């Protein structure tokens, strides 16, 4: 089982963090699946030319950080999740409970946690989605045998994101275009979180 | 429902919140306000504004911490929101529980009455223009604004009265303007 | 039977003063200080500061019940750790203990006032609330 990449989008639909893991001892199968995602149709960047290899110390996983935030892969990935949720919501729209008298209920399908898409998978990979009430979206891409990592994403948000981004006043929470989460405590925190999972290998 | 919220608020306050000395807190806030008054030449409208902006910046962060601590899901209506703000929000960050009151008929606007205000211990406004114009705890409005906006509730938040100014109560008004829709990525219809 | 009470800041400048009569011995709180004394009272207290400063690092106590005297009026003092000075000039005898209590309560008020972010140290205390509280304490102890 393998974790290929990890993405965070803010509520303005911008990718504020992307992390790709290159697995040095990957099996032929994993290699094939990884390259499918990396060079899917429409992508202009391929794995070989995309950014610098990470080499920050012993044991740090290989791969790239924040190199692909604005490329097509990132946008497509967001687009899939966005559309999936929208479609899923419109299917259940009729079932939404009606507002109480004189009381404006919040239509939960308008806002983000109505009918959540948790994972979807293809023959080659599986995407796990997590979205907070504040509109932050986190996506992790793994191989398709992987269990549902939704709780792991929630946990990652609670421990790593809240601690190192939200409570870190030197780090913005509203990101301007072209601005990414680039503090190393966060980056290292995310890496150690994923690498400590059995699914990482 | 309201009982459960109170219980949740109490539990979080007891077990998950790091506490600091209240005097340190009050004095820190006090000197921020006093310094702002000095720096802005006692232009109290501007001071109110600055406090509001500072609060807003706190709010957009605080909401994530709030959600992490409480693990609450989305409120279904404004009444629930008001209860959550009062019984959990104020409780876990300031250890007070303002009274929710003065609902308007359209259920979009309510008041939060602060019986005690930890920001304003020791404070006595000088008997100048400050007493007429300065909303000493305006940071709270900013915080609420920031928090609510982050969960798609676009609200107006402002002080209606403040006992520091000799008013009977300290009351914050919250008025829902609209529910913000999710942003759509560029290029989508 | 009257009191003259003053608070001096850390730089010895007065920040608060009050003339008040005793409530003991069927007094009604109205001061009866002779005119010539009223003109002098600031000077008298200021001159006793020298003695206060001499004693400052000799005595460990905050309260001094016989700091100085001036023609039948005696001067009592209370020096806070932060170098604020409370002084009382009075012609009442044998009220030292209640004056000490008064000083202790004033000390608390004084500190609370310092905690007000809009008050700057050594500025005159103009708060009406402070004044009312001091008068209430005077009624209780003096």
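All chains are identified by letter, namely A, B and C, in their written order; residue positions are counted from 1 within each chain.
Rule of thumb we're sticking to: contacts are C-beta pairs under 8 Å (C-beta built on N, C-alpha and C of every residue); 3 or more make two chains touch, one makes a residue touch a chain.
On a predicted model such as this, the values are computed, not experimentally measured, just so you know.
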Chain nearest the overall Cα centroid: B
Chain located farthest away, centre of subunit A as origin (C-alpha): C
Rounded Å distance between subunit A and subunit C, as computed from the means of their C-alpha atoms: 69
Euclidean distance of C-alpha centroids - subunit B vs subunit C, Å: 42
Subunit A and subunit B: spacing of chain centres that average the CA atoms, whole Å: 32
Touching two or more other chains - residue numbers and ranges from subunit B: none
Contact footprint of subunit B on subunit A as seen in their complex: 11-13, 75, 78-79, 82, 99-100, 102-108, 110-113, 132-136, 157-158, 161-162, 166-167, 169, 173-174
Complex contacts: residues of subunit C adjacent to subunit B: 112, 115-119, 126-129
Residue ranges of subunit B in contact with subunit C within the complex: 23, 26-27, 29-31, 33-34, 37, 121-127, 130
Contact footprint of subunit A on subunit B as seen in their complex: 60-61, 63-65, 67-68, 72-79, 105-108, 150-153, 176, 179-186, 188
